[in-house]
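Both complexes below contain chain A, partnered by chain B and then by chain C.
Now for the complex of A and B:
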């Protein structure tokens, strides 16, 4: 009976009921082929990207934070969102390390997150070491503060008294575990406003916790004005609701999903309104703002490697939706019988 | 065969095992799933102690030595009072005394509620203020290409953008007026517009979500093909 029903299906009906295993197989083959093609084609498959104002402002602010200052990185992602969040943290770390900006890293969201962040730092440190660049050292250049289970309470505590918020935390120093406030990273931090910037990399709503509890005074980095020291790098899922905070001036910049990673990599390669860049990235809001890039260094990385596959995957999805709709149209209009 | 390659191979086997459920339910998938759950639970418990409880509670209670082993920071015994409050939460498993578990929940709720007025104002007031956008232009039609916008100017193109924003804001807000019946044609049109605009918004949000899911698959394929096979195994 089932075989008979199968035989009687029209072409339109068949188009609408492709076995899911076949769809998954096509998807995996297309994505795999795209990833491998990106690896071997190299720069030939770097797709064009026009960074938005949110990413440009994020990049410009990170590029203007004074050398030697301390940036707080609240890394709230784990390997479940490695595709987006790893590229975001990697691009941020490359900039901070090239600019000799110190940073502390911790999580308010997940006990696994600090280890994932430390693994990413180790990866970028190794990358620098292999290129003969200065090795970023734990304790002197960066520290890990671990995981804080009560995000709301910890954020409130950071706002009230940052010296008390991390009291008792110890990190690895060359002489063994020591109080983190003895580290050069935190030594001069007395209040929240002493931080260079506060950046949240998240796959969830932890940016809400920070917006609700942290309040930064406007600051100036030389000629560069910063209205808010809080910035966000979030996944594509969290992007639409986080963009409201950026629009309301609650964030100095915003990097969303894989496209955001590619925006960062494009900006690192070309700068902003920078005549020496390979191509000009214009910032329409302020044509006088010039932020240099890092042409010749490793800028195109994880984001660019995934970008071609994202496009082929999306094209496949559009094709599948079209095929399903054409199938429905054929089935309803009675066409395609005995195809 | 180095340790890095073994690590990558275990990761690849786990990825293939978890994706095998896309074909159909199987024992290989279940095995990997249970290993993952066990590892995640074990890791979380360990990390909760090493990354959090030890430094924020235990070390503060018992004190910490210096690097040379001499007494460093003195301990503060009052931190022991947090232990019974935490343990009370486990009374949720007792049928007779589960009321005890409501005490720590009440403390958490109180702490949460106390923060909300401040939290609400910090989150929403700037958004409300940013919604008050000018709509009457006072300058040229579009922002000049060479110099960028002049401070204080509102170009016609910007004014149109602001009008679209305000129409969206007001029509979507009007959709949520449930307390009274909307009888006028204008208000009915506003709510319908609001509903349509929300649908467009939901479509954009869904598009972002799909993009994230695709990226997660791309990342796994990158791991299998590039990190494990091409770079890790064949050293290409």
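Now for the complex of A and C:
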């Protein structure tokens, strides 16, 4: 009976009721093949990308932070979102390390997050070391402050008095663990506004906590004006909500999801309105703004290697939706019978 | 200015709430704190049932009151360290108390993690000892916790000595072990679990995203435009094709309009609603108007 019912199904009915196992198999094959193809093709498979204003402003601001200043990185992600967040942190670290900007890293969201961030820093440090570039040293160039379970209170404390917010915290120095305020990274930080920038890399809503509690004064890095020192790198899922804060001028820039990572990598390769870049990335809001890049260096990395898979994945999703709808239309109109 | 910075203490000055590391004074404070804490807990356990609600209500109100006052009270001027009037005095006291209260809040929140671990060990320990259904999985869980703790702690210890801040090209046994367990296993499983969502999204989109009405047609068309706008290569091609005709026909412009003019205001409206709801809920919790959590 079951076989008979199966035989009587029209093409339209079949098309709109594909077994989920088939869909899963197609997804596995398509994504795996795309990632493997990207891996082997290397630079030959760098797909074009047009960075948006939010990413350009983020990049331009990070590129203008004075050398030697300290950037706070609140890293609130773990490997569940590494496809997006790892690439975001890696691109940020490459820029900060190339520009000799110090940074401190901590988390207000997840106990695993500080270790994940430290592993990412170690990976980029090793990458630099193997290329003969200066080793970015813990304690002198960056410090880890760990995990703060009560994000709301900690953010308020940072706003109130950053010298007291991390009191009692110690980090690894060449001589063993020492008070973090003795580190060159925090030594000169007296108030929140002494920070170069404050960047939140998140897979959740932790940017809300910061928006509600941190208030930065407008600053100038040479000729470059910064209205707010808070920036965000968030996952694609959190993008639509975070765009609110960017469009309201509460963030100096915003990098969203895997697309954002590719935007950052494109900007690192080509700069903004930079004549020496391989291709011109225009910033329509300010055509006078010129931000250099690092053409030829390790810019295209994790984001670019996943970008082809993002395309094929999205294409598959669109095709699946179209197939379902075409199947429904065929079944309703009685077409495709005995196909 | 640099001279002042050089003279600034590495940590804030000592007060009633802190002490020098590894000194007898700090240990005494820790022990007194522990004794008082245990005494308070025992006192609460033996408190008459009818007193539980007033105690919880009082603590909840006082805890909330600090944050409310801290938010509403006028701030002292920038750089003011000595109060010139009562308002400034309270403002400076609140400022000094903030890190202490935050520390309390951090410790209390950290206790929740400890409570979670205790609960896990308790449930799975009983299951293992009594050899209940799936006791093998409980055993693996407990073994994983212990092994991770050993390797995590040993790895941490190796990073305390001289030169530990350097990135070593050849890590030691404990570092490799921690690396294998944390990065090689836990984090990979974490990523694998999250990636399962992709399968459900594909299956759900295929089955549920059907054009059955005008509303669903609008929703689907909008979603398609936004989805295609994430594919940089397609955007690049379509934008290049549309550029000679009109900038408004560029896919990036259309997607930008959808995001900026439709999506963002809608989310902002939702967030306003959520904010007002959170405020109302916060006031109810603060004033213990919700009886469920604090009933004796």
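Going forward, the second predicted complex is superposed on the first by the 339 of 339 C-alpha atoms of A that agree within 3 Å, B and C clash if a C-alpha of one lies under 4 Å from a C-alpha of the other, contacts with A are read in each partner's own complex, and residues count from 1 in each chain.
The rule is short, and it goes like this: contacts are C-beta pairs under 8 Å (C-beta built on N, C-alpha and C of every residue); 3 or more make two chains touch, one makes a residue touch a chain.
Being a predicted model, the structure only gives us computed values, none of them experimental.
J.: Could you classify chain B and chain C on chain A, in the superposed arrangement, as clash or fit?
T.: They clash: once the shared chain is superposed, the two partners overlap in space.
J.: Would you sort A:18 into first (chain B), second (chain C), both or neither based on which partner it touches?
T.: Once the two structures are laid over each other on A, A:18 reaches chain C alone.
J.: Now for A:50: first (chain B), second (chain C), both, or neither, which partner does it touch?
T.: Only chain C; A:50 stays clear of chain B.
J.: Between chain B (first) and chain C (second), which does A:149 come into contact with in this model arrangement: first, second, both, or neither?
T.: After superposing on A, A:149 lies in contact with both chain B and chain C.
J.: Could you say whether A:67 touches chain B, chain C, both of them, or neither, answering first, second, both or neither?
T.: Neither partner.
J.: Please indicate which partner A:213 is in contact with in the superposed arrangement: first for chain B, second for chain C, both, or neither.
T.: So A:213 only meets chain B here.
J.: Of the two partner chains, chain B (first) and chain C (second), which one does A:309 touch, if any: first, second, both, or neither?
T.: first
J.: Touching A:82 in the superposition: chain B (first), chain C (second), both, neither?
T.: In the superposition, A:82 touches chain B and chain C alike.
J.: Using the superposition on chain A described above, determine whether A:160 touches chain B (first), chain C (second), both, or neither.
T.: Only chain C; A:160 stays clear of chain B.
J.: Touch check for A:181: first (chain B), second (chain C), both, or neither?
T.: second
J.: Given the superposition on chain A, at which of 55-63, 91-99, 199-207 or 235-243 does chain C overlap chain B?
T.: Residues of chain C that clash with chain B lie in 55-63.
J.: So which positions on chain A get touched by both chain B and chain C?
T.: Residues 20, 24, 27, 31, 80-83, 111-112, 115, 148-149, 152-153, 156, 167-168, 173, 175-177, 179, 236, 240, 244, 247, 257, 259, 310, 313-314, 317 of chain A touch both chain B and chain C.
J.: Provide the residue numbers of chain C that touch chain A in the complex, in ascending order.
T.: So the residues of chain C in touch with chain A come to 5, 8-12, 18, 70, 95, 98-99, 101-102, 105-106, 108-110, 112-113, 159-167, 169, 182-183, 186-188, 190-191, 193-194, 198-199, 201-203, 205-207, 209-211, 220, 224, 227-228, 230-236, 239, 252, 256, 259-260, 263-264, 267-268, 271.
J.: Enumerate the contact residues on chain B facing chain A in the complex.
T.: So the residues of chain B touching chain A come out as 19, 22-24, 40, 43-44, 47-48, 50-52, 55-56, 59-60, 64, 67, 72-73, 111-112, 115, 118-120, 122-123, 126-127, 129-130, 143, 146-149, 201, 204-205, 208-212, 214-222, 224-226, 230.
J.: Residue numbers of chain A touching chain C in their complex, please.
T.: 18, 20, 23-24, 27, 31, 47-50, 52, 78-83, 111-112, 115-116, 119, 122, 125-126, 129, 135, 137-139, 148-150, 152-154, 156-157, 160-161, 163-165, 167-168, 172-177, 179, 181-182, 187-188, 190, 236, 240-241, 243-244, 247, 257, 259, 262, 307, 310-311, 313-318, 320-321, 323-325, 328
J.: Across the complex, what residues on chain A touch chain B?
T.: 20-21, 24, 27-28, 31-32, 34-36, 39, 80-84, 86, 111-112, 114-115, 146-149, 152-153, 156, 167-170, 173, 175-179, 208, 211-213, 215, 235-237, 239-240, 244-245, 247-250, 256-259, 284-288, 305-306, 309-310, 313-314, 317
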